[in-house]
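The chains carry the letters A, B, C and D, assigned in the order they are written, with residues numbered from 1 in each.
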């Protein structure tokens, strides 16, 4: 009989939608999370024999998430660390795992004490991968759509028999920014994750506005450099950014000019640029990135 | 042979993604629309005999939309009226149609001249239905998620053998507001649609925050009354609002209390409340609402 | 103060995901439904005063759905009628409502007794609208994608200054069939809904294959005529069908011909044809169609 | 100034929707693909200086895909190899890349010569990663939903203070099978990919039906073992499978029993089991898996 070997595996409860309300005073606050817990360790018997003696039920993982939300949640990252410590501390055979959260941003309606609207276009993300005693903590966001209506071009690329694209020195540059950054391991403890998140997001948005973009690649590099320069707690940052094409509409059949005014926003296909930038000299953590969709 | 009769019908080009950039000065502006054009009129021959002599090609409708976007677009509503006038004016057999637009909201990054991010959580909508010489213009929005963390309850409902829900005088009230309002026919000409939109949206959000909600129904009525009271150009308003349940997590098995702190945000099933409110004495326009999903 | 009037309204519990297993013998069977219940009647006090004395809780509606699923479900339509009879019979102020179901189709893996896979590309739908003592029962499906790789063309359409589309006598015709048909009121009782569904679906698919299509409109008429001809229980049928464009790829820059071989399948914009066909002499039921998305 | 280093990166054109019709005879055939091409190599100058001399335009990659579709496509895998050979052969600085395809399955309506419907519930996938001269070819599928209505249980798991789940020896087991398998490097050339795909899919479905499942983990291991045993061209297989919970509806408040008949199909949270199985002694290829979502 063929021999097969169980290698990488993890399991748990995905997408626990936890809303926590702080109501110590009449001025409430809320945290809105989508939490996934997955355990790694010695689970071979479950796969090979259906012996569940080590299988902390995914239902138990769910219960733990909701029970832990009874205490204040200072950030998604802090909450994930707490879950990781619990599961790896409580069960001898749980050597690690992957804990992930999405956070949805709310703002007060007016300045009301207990009424809110979901305001953030982007989804904030956090992933903690613990494996063999080391942690990798990766934060980020997705779904932030940005556009420059000028100061972007694309020229000087190679031409072969399949090249028909004309060069342009004035086009729309638009993308949905998806980015993830990995924190320096010794910076995690006590870090103000919310402030850092806000600062990195602002750095990315501001850098996007600056200067002339010769290629989306160049813009991604500029954003990465600005983030790493300004945030010494970040060791690595990845971007996965579609080039959301806005094609100039050809109005000449209708005897109309179109000096950069009317565009057709296309769906598919789209350009897709993925890149990783690392702080010089920082350690790598490739295994921690496995399973994060759409990044290379 | 059975006789069948062609009754209501319309056709056209759906979801034309038009982005228009105003670049008269260095400070650009942009309009981002998803436009659908559908014609009504004498199209029987196409259905019955495949005779296309009356079928203004959907491709032609698309071209017209992009060509018309060469001129300034003051609002989605104004753009739809222009399309309607063109198609019903140009082709004798086109007696009406349905033109619809979604608008996606962008804001400047910082106060940058030509860099923007997609900021609006909600999608603005506009529908113009022209039929038999009369117009109905319906504006609205969808996807605005709001939440009150207190000042909401649900008591006093009938109990039968299938009732298990306990009464509560303190719960989370959360919904995705989808609303559409119909303008008074003689108010459309020259109306500042953008200002009216902003005002109606603000009225709805502010009303949501006010007072104690005995039922989502009561809240919808309050929002409708406030909109109609403050906007004499609105004859009718509809809401279609899910009751997005946030269930108090039962932490008692873990010897924890839960005084309104930890909630599980459920997906399905959800409550769903749909209601129409009309200004007393205003004319109805039921046919115009057909085909707008999820409203009654 | 402005007077506003509550007009059309309904409320209930949406998207109850019920799976029912028949296990009287070792050969199991299953029904997989997504059921929505909404009540109409005298609910003014809830809206106007927050008085819930008439508000059968949406949670109670959910419980009723699951309790009723304890008995065999012979078809989605039969299940909706049972719910309608219950709610309008039990509560004096409930004069009607709207009950809807989606059904997802499963097949046995091999011919296994209790193992299944979700096999149907289409979603079957059923809607029962009861209002003022009359019922309208509307069945249908959505999401059935069909394609003809030849025997379709589009010529003879009018040309204006915005027309650039070349005529073609050989193109791909592809659409996602969404259709809904209304049963003759006196045919509902005792009808074999599953057999009728299968027969109507087969009629539509077979008719799609037949002959040369001069326009999608002509094809829809042919499908409608075939359904109404062959099914005397159907009084009315609607179609809402995108023209899913497959554009011939221009390979001439690469010195390649393209005799109908390589196509680009576009997303947006798309043609959209909506049409209603009624059996000659059958009664109309326009109000029942309100709120069904995307049909005219 | 902080030094940052560009590490992993790739770019290209994503989601090119190619439909190819074989029409040599009156009996047509079609291939429906969604193709992504991304290049790796020496692209540093684009990122660092906006120098595009090496940047084969994503538009050129798109053109190449459509041009290559002019020739017969025997399988998605074969098409990806052809693209990889072209780009790495044509441009000296392109050392590798990632080419991916989704395939959508169509069947004939009846046995018609040129009319088809989209029949496959699952999406077939293929990914070719070429890096540093070595290829990894990974095929698979997603979206195949399967269910066993009995012969599944979950007992013997550890209980801690957060455990409330009761043991059960008869439950519904349902999942959406997502799987990817990696071909042995020397088996790729000349392999009948379509036949292998059909055989692996059948093996997975058949194994799912067999025996009593003590845990979804055990079932995944059984499926993996069967695939690897029966297909010596497969070196590795991964599964990512949600445990789609079907909770027994509690009907006791209504004085009804529920002997495994009525279930509530929940959305979120859900169990999630991910596992990798390797043929004993086969080489690993971890880097090739990066960026495939939802697998560990």
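FYI, contacts are C-beta pairs under 8 Å (C-beta built on N, C-alpha and C of every residue); 3 or more make two chains touch, one makes a residue touch a chain.
Just so we're on the same page, UniProt names per chain: A, B, C, D = Uricase.
Here the structure is a predicted model, which is why all the values come from computation and not from measurement.
Q: Tell me, please, which chain's centre (mean of its C-alpha atoms) is farthest from the centre of chain D (Uricase)?
A: Most remote chain from chain D (Uricase), centroid-wise, comes out as B.
Q: Have a look at C-D versus A-C and report the one with more C-beta pairs in contact.
A: If we tally the contacting C-beta pairs, C-D comes out ahead.
Q: Using Cα averages as centroids, what's the distance between chain A (Uricase) and chain D (Uricase) in whole Å?
A: Roughly 22 Å, centre to centre.
Q: Cα centroid separation between chain A (Uricase) and chain C (Uricase), in whole Å?
A: From the centre of chain A (Uricase) to the centre of chain C (Uricase) is 38 Å.
Q: Counting in whole Å, what is the centre-to-centre distance of chain C (Uricase) and chain D (Uricase), each centre being its mean C-alpha position?
A: Once rounded, the distance between the two centres reads 31 Å.
Q: What positions in chain D (Uricase) touch 2 or more of the other chains?
A: 16-17, 63, 67, 162, 164, 253-254, 267-268, in rising order.
Q: Okay, in this complex, where on chain A (Uricase) does chain D (Uricase) touch?
A: 1-17, 36, 38, 43, 46-60, 62-64, 67, 90-91, 98, 154-158, 160, 162-165, 213-215, 217-218, 220-221, 224-225, 228-229, 242-243, 268-281, 284, 286-287, 289-296
Q: Taking the touch rule as given, give the residues of chain D (Uricase) at its contact with chain C (Uricase) in the complex, in rising order.
A: My answer: residues 16-23, 28, 30, 32, 63, 66-67, 69-70, 106, 109-110, 112, 114-121, 144-151, 172, 205-206, 208-209, 246, 249, 251, 253-254, 256, 258-267.
Q: Report the residues of chain B (Uricase) in contact with chain D (Uricase) in the complex, numbered from low to high.
A: 161-162, 164, 253-254, 267-268
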